[in-house]
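Look at the two complexes coming up: chain A is in both, with chain B in one and chain C in the other.
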Partner chain A sequence: MAVEVQQRHQRPPLWRDVTVLKWAAQLVVLAVVAAILWILGTTGAGNIDDRGLTFGWRWLTDPPGISIREGIDLLPDSGSRAMLVGIVNMLRVTVSGIIVATILGTIIGIARLSKNWIVNKTANVYIETIRNTPLLVQIFFWAALLRLFDEPLEADIGVKWLHISSKGLAIPWIRPDIGFWQWLVFVVVGLYFARVMYRRRIRHLEESGEEAYAFTYAAGTVLLFALVGWFAHPLMAFLGPVWGGIASFFGALPTWVVQAVLAVGALGIAGWWIKRFLDGLRTPAGLAKLTDDDIFRIVFASLAGVIFAALFIVQGGISNLVLDGMRNLFEFFDGKFGAAEGGLRTGLPLRWSRPFVEVTGANFFQYGSGGIVITGGFFAIWVGVTLYTASFIAEVVRAGILAVVRGQTEAASALGLRRSQSLRLVILPQAFRIILPPLGNQYLNLAKNTSLGIAVSYPEIVLVGQTLYNQTGQTLPVVLFWMVFYLSVSLILSSIVNYYNRKLQLVER
Partner chain B sequence: MADLGQDDIIICEGVKKWFGDFQALTGVTTRIKEQEVVVVIGPSGSGKSTFIRCINRLEAHQEGTIVVDGIELTNDLRNIEKIRAEVGMVFQQFNLFPHLTVLDNVTLAPLWVRKTPKGESDAQAMQLLERVGIPEQAEKYPGQLSGGQQQRVAIARALAMNPKIMLFDEPTSALDPEMIKEVLDVMKELAQSGMTMIVVTHEMGFAREVADRVLFFDYGTIVEEGTPEHFFTSPEHDRTKLFLSQIL
Partner chain C sequence: MTGRIVLPDTEPERPPEPPPHGPIVWAHENLFSTVASGILTVVVGTLVVLFLVGVLGFIFGADRRWDAVFFNTRLMMTQAYPEDQYFRVWLSLGIIVSLTGLSLAVWQVGGRVSLNRITRLLSSIGAGLIGLEVLGPFSIRARVIGILIGLVLIGGSYLVKRAAGERAKQETIPLMAIVGIVPALGVVALYVLRIPTRLAEDNYAEQVLAPIANSTRIPITVLFVVGVVAYSVGVLMLDRMPNATARVALVGLWVLSLPAIVLTILRDPELDYDKILAIPGFQEGYLWWAVIFAVGGSLLITYLGSPARGEGGRAIGGLLVVVALASWGVSMLVLIRLFLLFLATFALAAPTFGGGEGRARARIVGLWVMTVAAAAYFVVLVSGPSTVQVQTTFFIGGLFLSFILAIFGIVLSFPLGVLFALGRTSSMPIFRLMCVAYIEVVRGVPFITWLLTAIIVFPIFLPLGVQVSNVVAVLVMTVLFSAAYLAENVRGGLQSVSGGQIEAAKALGMTTAQTTVFIILPQALRAVIPALVGQVIGTFKDTSLVIIVGLFDFLAIARNVIPNQRVPFNNLDALTEPLMYAALVYWIFTFSFSRASQRLEKKLGVGER
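So, the complex of A and B:
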């Protein structure tokens, strides 16, 4: 008996010890990944050298010598500016596409569950058609559709309300005018008070049971501030020197301070993550025993913190970039507040802008700078990705509603809740939790699919980048730039979705 | 049993119901008086659940009439909403709202259907939670409670609407044996307080002890009815005898 017990306490041989095996596996994977990256890096660098190419980032600052079809700057003076135009164009499609696809997808998803035969079948046909044809084909289809219209002609010259031609759809638009930024301060403050008002009305509803019109009150508050600000915005002129002061503060700040702050920040985030991780393991009985995985995570987090801190200290350029960015931002604000050319900044915040057709060169008719022109490229890529994503969102919404068990609807009806109340108070809050993660996936797909804009010459970041590397030969840096950009967009989108997902999790035992 | 009188609160005449080509109810006729406790038993698939689900129109009957508290159940949505507010229901699977706390589960209907102020409905909900014996769980979520506790919350939730009638659809069938008693105790207390109740159950002890009348269902209709005493000691119908011999 005693012998047996002793045997059990003996250390197992290393290759049969779970702890050792686990650590070995982690380290082997880490080593393999590092080795692959190293091999790729050195081979790539070798190949670049062999061909006499240079790997560098000069193209970001050099004049690119390209013009861009549409965007915030048609003749950018640097490569980074050109990429920014592409980024803004990409975000225009992504943000508006996500909003419209969500609304459209939800409506179609609910219609798909309708008991009305026509509504149901229409939704069904929409989903099956759009979902089962390649997105690229659909984008070509929408582009071809707009080309069915005539070119603008001499007879079209003049200011229009609405004009459609093979060059796009021109509609009136609201543009920020000279007082816009001063007015915006009023609106932002108004939004804050609207939130206060909204919460107050909700409390009133809960305490008294009376109808509180919380949303109406909140909207009214914003409108009131916007209206007052419309006339009173020159009051905000004093902010100009404040922004200027902050800008010169960043201008005067030595680089090493930023380096120190960033390094300490990186270490701080790692420390905060570890503390939170440990807090999560704390039970009423004290700190739970750490497993090997837990220790590995802590080691990894501290390593990442140290590496980033070292990076910030060694690469002073990063800190310079941050400093310049902040200075430029506040200089930009400085330029939008206070005195303008010709005295006080008293103009209107917004102005109405109408499109017009003009003639350039001998006989070349095109839209001028008024209103907003939905170009063929934008139209095709926007309609393409929006309708395509909406069809997937519709299926996600349908699945989410169906996943809420039937008993929930029955319990709500048995209590006397009306159908709309039961949908709003019981079904949708539960369906939303189920829908959210796959919905986030669809948003990521939409963001990534905007890169198909290259097929219809829509100058988003991929097309602009391609033009740039055709000019400079810097293929690899441009590709890296794309990857970092798409990765950042995806990470930001998914962290927003994850944040809400965590907030909405059902509390279980 | 069902003699004439003003105090018939539920009247069913020849109620029939089909699911596709399967006839779930083949003509149910009965009257239930105020404050009466009726227990419905029968083999599975005999239509007993369908019957009580017709009373608050979770299922729509296709032939015959059902009158609840003087209101006939038709396709008129206003009548259906009125009756559902007067008739509480407890389900086999509890069907609590998992995204709301226990307190919010109980106050949801008073707030949105009866438009009771929040303070008032909270106080009433706490009273009800005390009555079913779990006031300390008010801030928890249904997922954190045991099955017995969840079913008691479901009873409190139904009671929060001050219903005149309570329907129980196999309230203890999804519970662990040790939790059945705590739910039955709450139901007994409710019966003693004078609530009109229709209970579909397999708990024969409960039927014997609490019921004023037992309905035995088979093939979508009432095969035999009577006091628990008559029912458990001298059943007349062969089908009833067979059923009782199998479960007792």
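So, the complex of A and C:
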């Protein structure tokens, strides 16, 4: 019987074979999409030619002829430098925003679950107000609010602790001083030892069951190193020549070596990924049968590896860029260690700095270089983005806490833990696992929302890019630059979140 | 013989003692349950009071310029839509209001609520009013009146509740009757309330009392009446005709009304038949092409849909797709290209959905004729000039533009998003890769970057001579952007459909296309309705970004136009007021939407089944 059945089972004709049809349909659609893109591309190229425009990357190295309102370099000497200023400005908002929004969001999320009526309602009103208003309206509002204050006047001249005017918010700040980088080495080493200390204390806790004060010990270690480094940082002066050596090593390295390393690296990553993929499919009974899908993935991965390797070899510019970047980085370090102008670098690592109002030109009052001045643009975008994201994080935190099984709370209170203890030791650690993926999403949204800085003239990457293409006419390359930048930010943030997510998930089992 | 069980004499069972209640018990439980909680109450309470005093002092302060908002209401709603054509705006609103009224009745939105809830709502409104009067910077007279009204509300609702007794807990009052009171009060306020304002000739803060909305109270009253009448008609309709028919008819009316409002009523004022025929398109033979395609297409679809065709029908459909795509490379009327594309879609769908019984085929042919007619009509309207004369490139702005962008963005992105979601969950790797690439690239880059791209890069890729207005470019970008987010939401729904459903469909002999359309999508979409409402809210909020590319939407008027006005008043220092007003309007829409979505979620029981 079985033999008979097998004999009857013939392959269907080609035009009714599902596998063939599926691949044919996919290839046809792929061809159509490619054709559409090609038509668009040729039309675009034709249009660019007709209008006398050019498409190129010269603007990255040419002097841009623009000035930037705030940032690490107000008069950048090249387009890439200008974009870098924009990127740093964007990261300033993103990083500080993420930190504050996380803290604020967690507090509000917990308050939203409080049994205290007034706390609960306040949190609720905050969330419903902020979340249901467009972010741009809020950003405009904060900018408009600051403009209601007066300009700095003659009466304001002098050193201040805090000063608000229509030009911004001036607050005292801690600035790195001459010995900062040498001192930083101590802090970094201290952080490493703090990690070691933290693990030892945790192990001690697990073995003996005594209270181990792991966090206190770790913090103490960092503080100790920072304190010793405060006075002993000139000891690190020897690192200066070391960095200098590395910099000259990169300077002497021929381009082809970097090209080869990058190409081999690209191929190696592709090979490693394929090997890992196949390992994942391997069962005790041997390699499982590969589906169309698996084969496609393997082909795609190897193709991507080969394309990148070829790109690195053909485009020597990429390797040069890497080489220059490394050399510049270590030259920068070299300049920060060892001998300063007046002999050995012995000054303080950090300096306390207070803002002041000064007069420049004819009756033009403005903030001097002391303290830190939160400009109107930064204030609006930072406050707007942070409060907005905090309201979403609060909802994420609330949902995460509610998702922890009720029995956990009850068990904690049965053990005699206080409410704050059970929250800190039992609920939050478990809720964190559920919270993490949506929290990562909110971080991504925050990073993307900083692009609204363009609306209040905060020079982040979009505004700088816009200024650049208005100046040079290179719209398409600037747009591509934006896309690559934001996609990289998304990729980096989501891989960090995924990494921790996987780590936490493993703990669970 | 039959024994009777005699129950021992017992006291009649008493209901359990109600827990103690009252304001003191409540305060003890909710504000001062522990020492820490008590401290928290005092601290947070003080902060909240200080904050409210500050905010109310700011909002009602003497130097706030709220008249800048009141005098520009029309500008904020429709920008510079010509005064003499304004009945078109009211007509559009009338259509929307009557359709809304009908829909509310036909879908039986609301249900019933108890008297208890209403009295509770009224007394919290009263308490809120008293709080407002106490904390805000008001005159003694205003405070006394406000507090008295608040006390009357609280006392009245308490008395009503006492009088109703146990009946107050029964859910007897239709919610829509209560909701209807709010606009009714608004209409009454138009006739009764007067607000301080300034005379146009006099710039020196001359305060006089003028009625709110002098010029619009008649149309608004009419709109309210229309809404009430539509709701009543809907209720009557519910008794007279099958519910499903009414719902299908209403959905059809909604879909048709949106382009009709924007393209016919608002954009092209000449509703004269001669004028429409005089539009150049018709001299080029639009009408004849439409007739040819309607007749020829119907014949073709009938032919392809016949079960005798078998695989041949699909092959012809595939051929038509190639022809339709190729038509974009040859110069011809855009209308014909559109027709070919529609025809190819219908031809491909005909064997699957129009096969078998005659009624299914008749339905698909009817749909085809309607599609041709609507497409021809709207293409003619779009290619004709608008006789509404405005200074800006687009004929309407303000809140109307925000709504047009949001609604069209959502509606048009829906099919695209579903398609991308299906592609992303498909078993075919190239489709999946393309969809993943599209979705991730679009989602990885902020909307504002895409908008700038639309404005500056679209023109580069269009053939010479083809120009797209900024509004259309922004709308296309909104659709493409929204589709990527929608795809992710729909994907969640697709993954929630259990594999057993698909296997059962396969066992019944359904094709993949039939399984997807009849089995998977209905379940998947139902599961993600709350997420989709969330996306509608998001898209509406996102439309505010078009200010950055220079469109005159609601926010642009509030932020860029009003603070630059010098005539009739000097509004240069009115910065925060229009923004706060804009925030309030956006908030009202998004908040009510999210509340509606929560109700819907409960009604559908998402996550419970």
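Of note:
In this section, the second predicted complex is superposed on the first by the 451 of 509 C-alpha atoms of A that agree within 3 Å, B and C clash if a C-alpha of one lies under 4 Å from a C-alpha of the other, contacts with A are read in each partner's own complex, and residues count from 1 in each chain.
Here is the rule we use: a contact is a pair of C-beta atoms (placed from the backbone, for glycine too) under 8 Å apart; a residue touches a chain by one contact, two chains touch by 3 or more.
Computed from a predicted model, the values in this text were never measured in an experiment.
Contact comparison for chain A: of chain B and chain C, C touches the greater number of residues. When both complexes are overlaid on chain A, the residue A:416 reaches chain B alone and has no touch with chain C. In the superposed pair of complexes, A:487 makes contact with chain C only, with no contact to chain B.
In the superposition on chain A, A:208 contacts chain B only, with no contact to chain C.
Once chain A of one complex is fitted onto chain A of the other, the partner contacts of A:339 are absent, as it touches neither chain B nor chain C.
In the superposition on chain A, A:469 makes contact with chain C only, while chain B stays out of contact range. By the touch criterion defined above, A:408 lies against chain B but remains apart from chain C after alignment on the C-alpha atoms of chain A.
Once the two complexes are laid over each other on the shared chain, residue contacts for A:479 go to chain C alone; chain B is not touched.
Considering their complex, residues 30-31, 33, 37, 40-41, 44-45, 48, 311, 325, 329, 427-431, 433-434, 440-441, 443-449, 452-453, 456-457, 459-464, 537, 541-542, 544-545, 547-548, 555, 559, 575-576, 579-580, 582-583, 586-587, 590-591, 594 of chain C touch chain A. Note for the complex: chain A touches chain C at residues 15-16, 22-23, 25-27, 29-30, 32-33, 39-40, 43-44, 46-48, 50, 114-119, 122, 128-129, 132-138, 140-141, 144-145, 147-148, 292-293, 296-297, 300, 448-449, 451-452, 454-455, 462, 466, 469, 475-476, 479, 482-483, 486-487, 490-491. Here chain B touches chain A in the complex through residues 56, 58, 81, 84-85, 87-89, 91, 93, 95-99, 108-109, 111-113, 115-120, 140-141, 143-144, 157-158, 161, going by the rule given at the top. Contact residues on chain A toward chain B in their complex (touch as defined above): 205-209, 405, 407-408, 410-418, 421, 425-426, 429-430, 433, 506-509.
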